[in-house]
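After this come two complexes, each holding chain A, first together with chain B and then together with chain C.
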Partner chain A sequence: MIAAVRDFANRFLGRGDATITVPSFDGALKPNQKLEAAETLLTCESPADLATDDSKLFIADGRKLLSLNGSTASELRSFEQPISALCTLPGGGLAVALGGREVRVYANPAAEQPSTTFADAAFNAINALALADDNSLIATDGSATCGVDDWARDLLELNRSGRVYRLDHGNKSVTRLAQGLGYAFGACAHGNGMLVSESWRHRLALVSPGASPKIVLAHLPVYPSRLSKASSGGYWLTAFTARTQLVEFVLREPGYRRRMMAEIAPEHWVAPRLRSGRSFKEPMQGAHIKTMGVIKPWAPPRSYGLVIRLDADGQPLYSLHSRVDGINHGVVAAVEMGGDLVLIAKGPGRVLKLPLAGLAEEFRT
Partner chain B sequence: MSDIALSLRKATKLYAGVPAIDGVDFDLRRGEIHALVGENGAGKSTLTKVMAGVVALTSGTMTVDGTEVAPKTPLEARNLGIAMVFQENSLVPTMTVAQNLFLGQEKFYNRLRGIYIAAQQFLQSLNFDVTPTATVSGLGAAKKQMVEIARAVLHRAKVIIFDEPTASLTPEEKKYFFDLVRDLKKRGVSIVFISHALEEALLLADRITVLRDGKHVVTDDVAKFDRAAIVQAMVGRDLSNTLYGARKSSVRPAGARVLTVQNLKMAPMVKNNSLSVFSGQITGVFGLVGAGRTETFKIVAGVLKRDFFHGGEILLHDQPVRYRVPAPAVKAGIAYVTEDRKVEGFFETSSIARNIYLGLLSKFPKGRMMLSRRETDAVGKSWIERLKVRAISDDGKVVELSGGNQQKVVIAKSLVQEPDLIIFDEPTRGVDVGAIVEIHELINRLADEGKAVVVISSYLPEIMALSDRILVSRQGKVVEEFSALEATEEKIMYAAIH
Partner chain C sequence: MRDTITSLRYRYWPDHLLGEILSKRWTETAIPVILLLIVGFAFSRSIDNFLSPASLADTARQAGEIGFIALGLALVVIVGGIDLSVGSIFALTDFCALYLLDVAGWPVPAVVVATLLCGAMLGAINGVLVGYLRLRAFITTLITLIIYRSAYDLLIQRYSNAIASAFPDIPSWDFIGAGSVLGIPTVALAYIVIAIFGHIFMTRLRPGWHITAIGGSRRSAYNSGIPVRRTIALCYVASGVLTSIGALFFASRLGTVGGDIGVGLEVIVLTATVLGGITLGGGKGSVAKSAVGVLIVLLITNGLTTMNARGGVNRMALAGILLVAAMVDIRWQKNRTRIISKVYVAPTYHELPPPPPTEIGQGGPFEQNDKLRDVEAIGLGRIEAPEDVILDRHDNLYAGSRHGDIMRFLAPDYQKMEVFAHIGGQPLGMAFDREDNLYVCIGGMGLYRIKPDGTVEKATDETNRSLRSVNDDSRLRLADDLDITDDGLIFFSEATVRYEMDEWPIDGLEARGNGRIISYDTKTGTTRTELRGLKFPNGICVASDGQSILFAETFGCSIKRYWFAGPKKGAVEVVMDNLPGYPDNINLASDGNYWLALVGMRSPSLDLAWKMPGFRRRMAKRVPVDEWLFPNINTGCVVKFNEQGKIVESFWDLHGENHPMITSMREHRGYLYLGGILNNRIGRYKLDNADPNFVQYDKRWGKQS
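Our next item is the complex of A and B:
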């Protein structure tokens, strides 16, 4: 009863859980336009993930697995389902997640048959694969109810059903390391545990065997996604879009969300997107504000592009942005390769390359 | 008859030996609108106060219509035809508009109806839509401004001085105000107005005078200026470099995030303000007066309260906090060093040691009833030595100290709380040069020790000299962030104004 009264008071006064606030982009997250200056290596139909073995770059583009040599892309093979995650393995192997429900391990990218297939019935939205320190695979499963491409619904339903699995291709076993996560999307080995992105809770958590997740970085102004190791120590963390007060407000309005999801096409929901500004039907694109007696068109930002460089403790050092007026939005993967950072901007469907030489020094000054 | 309505020659005003204006020459032509611009502390208000008889010149001369004058009171200035409209208006809120208009001109027997009729006729002649019978407290800012102006015109002012006239006006009210000023100009009234909004100066004025560090920099026709030229004239200073040293060549890296302010609101001063403060760094917060800097951090420290409805969120070490009074904030490790030390900083007739020990009272253990005199003296003595407070004795009263040493006592009172987050609000205001250097060394030392330090200052050289990162505040929120290495005075000032 007291909780109900408190909840009502909080909603009335805009406090507690009903506080509609968003952290600012400042400090190491101070905006710039670095991602807009990145070179476009390739434009794809629906790039989903990247992986590298330091000599070749593998790109998951829908059902196709591409290999990029220089600026030339070649199709290595295709699958019966869209690829939702990629990971290179020691010894030239490759692991692919298909449709979010199955993980196949190949001895090499061209191998006809997978050496191991993990198709646990619980798999629903496997969206990232990473190598653990014992060479087993770590898979993050965003949601137990919504598919890989239906992540916006998972956010609007306030689901907290993300899971982390260890896939041991030695004994072909699947072990659940964590559950109840707010859309687990990306993992990376960190000591004897794993750093895991929780997109809907805007944080990074350290998942260790036999221990409850420990918060490493919280209150991010973005929805974090995949992680990869940086060659000079630390990590690259991508974020597929930024939080806005509008979406935070909608997340606190269950009736509105229910009707919106029932009556409006998903691409026009008030929800984060990987790209925006393509249709006047997008929510609020027809909005206006009146300033000094003059009506001006106005629309809140819906998409954003961001990569955060983290130190070895998971704390931000600097960040690369594509701001609201940019194009390279919806960054879902970033890997280092040959002194460059290669990224996927899923919004425009681009694979981007950004030279790393001098970048850290530039942000230090 | 000369074209010059009012002029000042070599005008100097010293406050406790420190020049607020220094050898300023100023001419105001008949029927012109003359804008005075400059940073906080540039001497704009002092110059206008001299004209309006609020303060007297230490040296120099003032002439009105070619006659040398020295008004010692506002009444004397008014008799010379000079009226000043203050930023915080000087109307009596409980009186009616008409009573305010005729205040000071009352006869032995006043017929209220007659006053109202006269006021009505006069206001109509000015085309001012104000009801003479309305109580002033019920009027909006623009209407109050109108009454002030009407009073100045009623007193047959030939010169009207406006101090930040548009600060509290809405855009529509501003437009109306500009029309009023232009109308006054047509009547031959000379106008001086102070404004931080440069576009207003460029839009309204015939000539602009820029003051810096109490000295005249330039006066010219408005056509000769653009925004960049005014900003350059406002901030280009040599004097500050000698005091605050060269530019920073390196900055401290950010540590953990200590404070996060998200969409904080306290109408009308703080509007949807968001910022972060990190440990091991000095975060400088710059802004012009009224930018909401002090209010934001007073809310953080529990001195002020945020809006009751949807007031935003404050996170200390990533945990939401809300302090209604300062004591729990102090316990949580937040220290706020006030900008107004005389009112909020100390008990001036208490001893230095007692004032320093005051800082510990919020952490006083429960159940303990008595203060230990020995402990108070020991704590006081230790901090007097650490901060090099120059006093005749440890028992000396704070009122006997110089401004710089008083400030050190206020700082010691905060540091004794062993805070993680220290907010210095104008830490060197009214402090002598020697103490400025010592206070700056102390602030740097705190950041080196890993504390999260915030320095709020209206003085650009101080911000540039101290900060590792600089947040610029404008109209109630942080609008720009600079690394100390990329910041220039022009960039900061541009962000603070536009």
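Our next item is the complex of A and C:
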């Protein structure tokens, strides 16, 4: 009763859960335009994920699996469904998630038949694969109801149905490690547990077997996504899009959200996106007005490009941005390869390369 | 169904009035008046004869006496002080009057003058201490309260018997206390006269303004040369005099010098003052507030007395009321502007059907193309905010700038730019009249005329005030675009009467018909409102028939026609509605059709929000303006339409790199010149198959065939 009254008062006064404040990009998240300076290795239709075995780079582009040598891409094979996640395994193996509903493990990228196939009925939107410290495969499943590409609807429906699975190729068993997450998107081994991005709750959680998730990093101004290990310790965390006060406000407006989802085409919703500015039918916010021929980089981002370098404890060290006036938005994957950071900017459909030499020193203050 | 209910609710319930009423100065008087009516009504229901003539006359006598004291206190409070000694001054001057009359046997006029002088002197002591020696008003008047009271006590010990035993029978003295003119007690009449003078004094005369200024900010008043100390001192003197007037009437009515006269009077008067709405902080207050406060307090005390409440209860009630009133006053003064800004924005229901298609491949008159891609930029980076552009017959190009200038680019290459005229406000729509005067709408200022030699003259900046509007809408807030008829009548649009030019997004958020079309007669100089309740009226163009104007409603996404002459005079007709974008300026084309600029395009998310006023109201409160859902004015286009409202051609720029925003366009000798209010350039586009000699206003005035 008291909680109901408090909720009502909060909604009425715009306090508590009804506040729409978004943390600012500050400290380690101070904006720059580093991602705009990155070299474009490849432009493709719909890059989804990256994986590397330290010598070769694998790119999932729609239904095609590409391998990149220098800047020439060659198609390794293609699947009957779009690839939603990719992970290289020790010993030259490769795991792919197809359409979010099935995970196949191949002994090598060219193998005819999968060595193992996981197709649990609960799989719905598997969007990232990672290796645990015991070499078992970890899969994050964003939503129990919305497909991999339908994540904006999952956000607007306020769903909290993300799950983390352990896929054991030894005995081919599937174990659920966590559930009820606000869109699990990306995981990386951390000690004997897994760091998992909980996008809709703007945080990183540590999921350990037999324990409830522990929050490692919270109150991000962005929606975090996939994680990968950095060679000098720590992690790379991508953020596929950023939060805005307008979206936070719309999330607290059930009537508008319902009608918007029912009456408006998804690409024109008031929701975060991987790319923006394609059509005048997209929602426009006050600061987006081009004044004297200039769009302000600080305008509220409908789409944004961001990679955050985390230390070994999961705390941010520095970050690489592509701001509102940039192009390389919707960064969904980043892996280190050689001395470079290779990223996917899903907005413009690019695979980018950014030399890491000197980067850490530049941000050291 | 749900939309119908919402639409009816917002059509018939005037949400916008609350904010407009609250932002009026008189609401602060209206609230005590309402309280007075409630109190009066409540007592008249519970007490018989509460409002009978006899009872009213008695109340009026008391009200007059206390009213004088309250006026004095109001003056002191407005100047930023307080006078607690009024009760004691009242007692002393009462004694003074009765002593001089009964014991010294002075004639009545001398008694009156002497009593007033006595009051002035007592007030002057306060005045010197507080005004010149700058002691704290509270502590000073508390001390004089005690001193005056002690003096009074000493005096009545000696003279009360002498006064009590005298029964002077002087008709003029009795007339002061008990007389009446036409049934109205003398004291009430005197009060009314002085109150009217006080009102004029406070609102129309220089010393009154000085008093308010000092109360508002003593330092600023001092810096602007107001004699602060003298004015403050004189306020205390006035308070003493006014108190002594009250005492005179009291003395004449009752003729006693009892020990409790004037005791606790300061609390009653202070309660009346605060309850009336005179802020204790100073700088705010009026005679009417003081009068209303006195009436409320008297009604309550008299009512309670009639209901046999004990003296203690009476005082307790007054003290309680004083506390509550002071609290409300403080909170209100602190939060007034915040409350108003929260309730002023009042979105309404605005429904538009789904727009016609614009996507490439979908066909239709609005199908996008890339014709404007190669627009040439004039004055790139040198001109800022050219909302409208116009060319004279020598091909010189004129455009407004946000620095408040009309800039002129000289033909033929438009490289040389000069200030043609400085006005000071943002120039918007422009038109040449028959004598080559340039008429310009200036946002925030009105309609201006610039002679060919560059001299600036004001044409008009106000129109008739509408009777049903709460806000004073006589001043022009956002004159936007204009055109001139053959008879020299200038029709111009005023986009909104509720907001300033830089607040146009708030008007878009409201989506209410806040705008109007006004005419200015160049022959007689009269200004008249022609049409009201338009949704951001913008472009205006006199139609080819010479009897009607075409005007654009930006947020209404429509073009309408208004007949100002001929058989259909006064009628309004829709020419085009449900445009896919927000129409801006309209101008004549060389082929007899019309050019129309669409400044921005509709987006489904805003169209939906326009149907949900509650959503927008909450957005206005919770979300900062920079994050609001806006009309998309980054992409626009130019279309050509004919007399029947059919789109003939459309011109798009898919990427908007050369010319991001289009608010107006002007055809001139085979080229189309483009203006955009947030641009730093003027666009120039070569038209195919256009009359290479066309000069819009030469053709308009018959100087060109």
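To be clear about the criterion, the second predicted complex is superposed on the first by the 348 of 365 C-alpha atoms of A that agree within 3 Å, B and C clash if a C-alpha of one lies under 4 Å from a C-alpha of the other, contacts with A are read in each partner's own complex, and residues count from 1 in each chain.
Please note the rule applied: a contact is a pair of C-beta atoms (placed from the backbone, for glycine too) under 8 Å apart; a residue touches a chain by one contact, two chains touch by 3 or more.
Owing to the predicted nature of the structure, the values given are computational and were not obtained by experimental measurement.
**Q** Identify the partner contact of A:28: answer first if only chain B is touched, second if only chain C is, both if each is, neither if none is.
**A** first
**Q** Based on the superposed arrangement, let me know which partner A:315 touches: chain B (first), chain C (second), both, or neither?
**A** first
**Q** Looking at A:219 after the superposition, I want to know if it touches chain B, chain C, both of them or none. Which is it: first, second, both, neither?
**A** first
**Q** Examine A:270 and indicate which partner it touches, taking first as chain B and second as chain C; both and neither are also allowed.
**A** The answer is second: A:270 touches chain C but not chain B.
**Q** Could you say whether A:283 touches chain B, chain C, both of them, or neither, answering first, second, both or neither?
**A** Second partner only.
**Q** Can A:253 be said to touch chain B (first), chain C (second), both, or neither?
**A** A:253 contacts chain C only, not chain B.
**Q** Which chain makes contact with more of the residues of chain A, chain B or else chain C?
**A** Touched residues of chain A are more numerous for C.
**Q** If we overlay the two complexes on their shared chain A, which of chain B and chain C does A:231 touch? Say first, second, both or neither.
**A** neither
**Q** Quick check on my understanding: which residues of chain A belong to both its chain B contact set and its chain C contact set?
**A** 14, 20, 245, 291-293
**Q** What part of chain C is in contact with chain A in the complex they form?
**A** Against chain A, the touching part of chain C is residues 384, 505, 600-606, 608-609, 612, 614-615, 618-619, 621-635, 656, 660-661, 678-681.
**Q** Mind pulling up the chain A residues that touch chain B in the complex?
**A** Listed in rising order, the residues are 12-16, 19-24, 26-28, 30, 215, 218-219, 245, 291-293, 315, 364-365.
**Q** Please give the residue numbers of chain B that touch chain A in the complex, ascending.
**A** Answer in residue numbers: 171-172, 253-254, 256-257, 260, 262-263, 274-276, 278, 308-313, 315, 318, 320, 322, 469, 471, 478, 481, 483, 485-486.
**Q** Chain C touches which residues of chain A in the complex?
**A** 14, 18, 20, 244-246, 249, 253, 255-256, 259-260, 263-265, 268-270, 280-293, 299-300
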